[in-house]
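Shared chain: subunit A. Partners: subunit B in the first complex, subunit C in the second.
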Partner chain A sequence: MRAPRAAYPLTWRVMDVLERLAAIVWPSSFQRGLPYLMLMPALVLVGLLVLGLVQIGDTSLRTLDTNTFLMSESYTLANYQRVLTESFFATVAGRSLVGSVIVTVITLLLAFPYAYLMVRTPSSALRKFLLVALFLPFFIGQVVRAYGWLIILGNQGMVNEALGLVGVPPIRLLYNYPAVLFGLVQYMLPFAVLMLAPALTAIPGELESAAASLGAGWTRTFRHIVLPLSRPGLVGAGLVVLTLSLTDFAIPAILGGGTQDFIANAIYDQFFRTSDQGMGATLSLMLVAVGSMLVGVVFMLFGAGTLAMTGDRK
Partner chain B sequence: MGVVAADVRRAGSIDQVAVSVKDVGMAFGDVHAVRNASFDLPQGRFLTILGPSGSGKTTLLRMIAGFDRPTSGEIFINGQPVSAVPPHKRAIGMVFQKLALFPHMTAAENVAFPLKMRRHDARTIPEKVERYLDLVRLGGYGDRRINELSGGQQQRVAIARALVFEPDLLLLDEPLAALDRKLREEMQLEFRRIQKELGVTTINVTHDQREALVVSDEIIVMNGGAIQQKARPVDAYRAPSNAFVANFIGVTNFLEGRIVELTSTQAVFESNGVRLVGIAADAALAAGLSCSGALRAEQIRIAPRGGRLDDLETVVDGQVVDCIFEGDRVVYEIRVPDLAGVLMRVFDHDPESHLQFGPGDEVRLGWNARDMHVFQK
Partner chain C sequence: MSHEKFLSAQIGRRTLLASMAAAGASAGLSTLGVSRAFAQEPEKPAEIIIRAWGGSWVDALKAGVSDSFTKNTGIAVRHDLTEDNEIQPKVWAAVAQKRVPPIHINWDTTTNATKSALRGVTEDLSDLPNLKNATDLAKPVGLDGYPIVNTYGYVYVLAYRPSAFPNGAPKSWKDLLDPKLKGRIALYNDGIGFHFPAQVAGGGKLEDIPGNMQPAWDFISKIKEQQPLLGEDPDFTTWFQKGEIDAACTISTNAREAKKNGIEIAWVVPEEGAKFDTDGLWIPKGLPENELYWAKQYINHALTKEAQQIWLDGLGLPGVIPGITPPADLVGDPSYPTTEEDFKQLIRISAKVQVENESQWFAKFKEIMQG
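Now for the complex of A and B:
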């Protein structure tokens, strides 16, 4: 028996026509190609990045002729030799590496309790407050925030004025290594918390109750249950903080005042101050290499599976 | 004389109270999750706290475990008040609703965890772990990771982990709720076997009345934060202390009416002009008050209209509205015009006859006065 026409509304007819049109444009035999098509934009972006790296690699093999300010025509490893032998570059690289490791450790130490409290607190008001407090600095750019620290920590800044009131002579709080590290930690904290929070959410609170009922006090529950289970989050957050602070530019430039350059600052100087593109490209590649090696070491130590990218393991 | 003293001590230990809950309450602001709960549980007994969700049964269990602190009253374990004792200092094994096994450890490491935390001698741990894995019939599975075990096997690991340190008390927080029926029934018997084997005092929380009846030595029925009845399973079923218990356990018909006559044991009430007789099951009954008579579906016999139900004290006529075949029994829904058209549910367990009626058939129902429990409404 045919269904009455009224039972088939106009909107359905419109959808039928659209579907038929769609079938002409994109036949169902193409369906299997759809996921790959959706992957294309990402692949193009990554491909461009590789192209850029090839270009930089090419540039890094040419030296600057200081008489003509032109890049040499022939390939040479002179730039790499300079980077590996001159102590200036070793100092900058060492400063960046040690700095980023210190920043990572301190950031994780501070971010963990913050994220834990944010995830576990029964009070939704406190959770909202913590989230807002976390996101607020995001709305202020890195440069503006660094200038903010200049105002607070400068010789005539709020901290020194307050100290002056109680008779303490002004202390130099800026343009040194601790100031840069301090600024970096403050900048990285939200990233770390945001990466840790989902990992901690994934640990059922019941596990901590269970550990307690089995005889583990708070510290031992933390050490044997919470810490091992939050390792994916810790590794992910650590990697992000490590690479971001290793490659940071603004904080060392502003809070270091030119005396505490990180690798990114040295690259900037080569490209835009001395115009030695070859040297800049070499330093860039070294930075990529060092960063990749650090990530590789972390993956080897903790396993790539720690980012919870194990797929469906049964 | 020494012998006598020893005997007295032993006699004392048989009835020794393992858990004593005295006037315990839990209030969140104005909301009372648990109100004035009191009971004693002797050593070695299996108690089930039965109630619908929101009845306060889990809150009561969490207070005994030490995760929540009572806002009034006190809990005693082996005679000691425990409100100030944190959970990890109490010797209580607990099987959680979602099991809460540690996913980053193997089955054996999970079972060994409480022994390590309680600083047992490291040399004895492997042997104990093996013994308890054997007890739950998981010998040889120790090296498996938790996600490599089936649901039933995970249950068993959770039980072994909760028992391996020989706790004073085992708490079960609806651990079987998520299992399918067949596995659940198998695990109920398993819980019972292990509990009897070890003699550990156990408190189980569930909303599953069948589980409560199957596994327990005693049942506490809770509703609205208050204990409704504490009794042996058979007594809770046969002699419910109020209408809630009668309704919650088993399938029960309620006939509303008004008391016309009351003796110490019998209550006569009138429902829509029909005189009904039942057991006066409620002390608060009085002549003239409205009441409801509770009658189990399996206590009602069904016969064709005009059929002889001479041996039964009360007989009414009705019409079959629906008939549901459940395999081992048939559930009839029968409308009784004489009782204001009330729908009564009747079980027929007799495989010879149990499908003889269909919807629309005129039937006759009968029951005995001793099976009708009359409560205040």
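Now for the complex of A and C:
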């Protein structure tokens, strides 16, 4: 006697077929290999990165022959010697490093209250407004935003026009170091808020209430409760802002007036203006090395913050 | 396909056009100067790709050369506006990997093109029939044959805002050192166009280039104290327009274009002289034979008097084919040199010397300006 169709629905049959197919493609004896398979995308990604770095490393050890515009066949450390001895590279590297640290500090100072207000405000309207204000800049590219600042801060821009109304002559607000740092802070702010917000959300509001009920003022609560518990977010946001600022190209190029180059601008110049791929590769490797060392130092001093994504297994 | 067949085919495709148009096409073909070449005319590609600079530059190329080439041959022309220094590594990589290059023709500065020629990625263009009509300017200095064909010359003038110079036009590059111009001047961000006049303004001699450029670096160091802005062609126009600068070392074409757009601007060739340089067209190696053939026909067409007249009217620059009429607004202008006397005011250094020393000059200029 045949079983009624309703006892074994069609969807189950489909699932059976799919399971049999899956068993053919991935037999149960392969189960131990599953974790390795899941690692494959990461291995491919890192592998490609390493391959690229090896290629860049190879190029960095070759010099440009300006008679043929070909790279030398033999290896030499001449490019590294130039980078370490010519003052131009020290100037640009110093400007990039100092600039990225300043941008990181200012960005975190601005991002923290923004993120805190966004997470803790009881007003959903305010929260939505802050979220929209946070995400809106993501729809506008970095270059467009930089050009926006040219319009606002230029000699004939809105700020100078406003100053003109009260009799102040035009001030050069653009094409200097502060303008570059200002542009970078504005660009990095949403990244920092996005990294901080989850860390602040994870701090139970009851902890602050408890501190207050025990007599702690807002400052004391902030110092002993909020700040220590938000450290993972601060570290994560700081690392993202630091590395992005250190490697930025567009903001120094557009708001710097050509005289405030960062390392990325110098790399571009070597690859595309002087056609010296060896020197460009050397600068690229050194930027990777300096950035990695900075990240390593932060990891050692403060831990990996939210980037570590650690948690006790249960 | 014979020349006659070629013409028939073209006219056949244009049966709806008036006979005037057909005659025009026929006349255009004769100006291509390749009647014998068409005897072995290979298959036409659907399009050829020309790398070009944007804005008024590509508009002028299109009006003067590309449109008439398409009209004469039926081959569409696509203009690739990738920056010249960014297309270069792509072309070099394609040739090295024996791939078909991403463009058929590169419209390039002669200095930049010379690098490609030295690297051996350029096709020889010595067999272009219209070269016999061209002046010596078409020949790249310091290179064998014609790996590049120079198509016009240009001058890095001292462009200025007349209202900022109430006592009259600046006469010398040293006038840029006037304290009132602090933060109000601009140079190219690689110093191009400024090194050689700076050598003279700094008290040096052109004969000492490249051996002793110290006078140039000394003068550029003084200019640095003036806090110049450093940029590219479009920046100068924007900066003049937005009131950011009062003077700049820039190509006369940019100054003229800004003036056409209503910006208050004039230009001079200062007493120390101004750099004269050329741009050219070249073809990367690795194109299929038929595409190489038609790319050569394009450059050959660019060397006709008719194409040069329209193209260079748009750019306001002197060409390499004799008999071109200067635009009315540039007659007698030192930025449009036509006579030997005009050229005496200008500084021309071979592209080979420039490319061999570019990296060092660039590094030195950057060291001064970024310090």
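List of remarks:
Convention: the second predicted complex is superposed on the first by the 298 of 314 C-alpha atoms of A that agree within 3 Å, B and C clash if a C-alpha of one lies under 4 Å from a C-alpha of the other, contacts with A are read in each partner's own complex, and residues count from 1 in each chain.
The rule is short, and it goes like this: a residue touches a chain if its C-beta (ideal position, glycine included) is under 8 Å from a C-beta of that chain, and two chains touch if they have at least 3 such contacts.
Since the structure is predicted, the reported quantities are computational estimates derived from the model, not experimental observations.
Superposition model on subunit A: subunit B and subunit C are shown accommodated side by side without a clash.
In the superposed pair of complexes, A:E86 makes contact with subunit C only, with no contact to subunit B.
In the superposed pair of complexes, A:T66 makes contact with subunit C only, with no contact to subunit B. When the two structures are aligned on the shared chain, A:N155 is found in touch with subunit C, with no touch to subunit B. In the overlay built on the shared chain, the residue A:S124 is in contact with neither subunit B nor subunit C. In the superposition on chain A, A:T219 makes contact with neither subunit B nor subunit C.
When both complexes are overlaid on chain A, the residue A:T11 reaches neither subunit B nor subunit C. Touch counts on subunit A: comparing subunit C and subunit B, the chain ahead is C.
By the document's definition of touching, neither partner reaches A:Q31: not subunit B, not subunit C. The gap separating subunit B from subunit C in the superposed three-chain model is 47 Å, by closest C-alpha atoms. Within the complex formed with subunit A, the subunit C residues making contact are 83, 85-86, 88-89, 115-116, 118-120, 183, 189-190, 227-231, 242-244, 355-359, 362-363, 366-367, 369-371. Note for the complex: subunit A touches subunit B at residues 204, 206-207, 209-217, 220, 224-225, 228-229, 313-314. For subunit B in complex with subunit A, the touching residues are 65-67, 86-88, 90, 92-94, 96-98, 100-104, 113-114, 117-118, 147-148, 161-162, 165, 171.
The touching residues of subunit A, counted against subunit C in their complex, run 64, 66-70, 86-88, 91-92, 95, 150, 154-156, 170, 172, 174-175, 257-261, 266, 269, 271-277.
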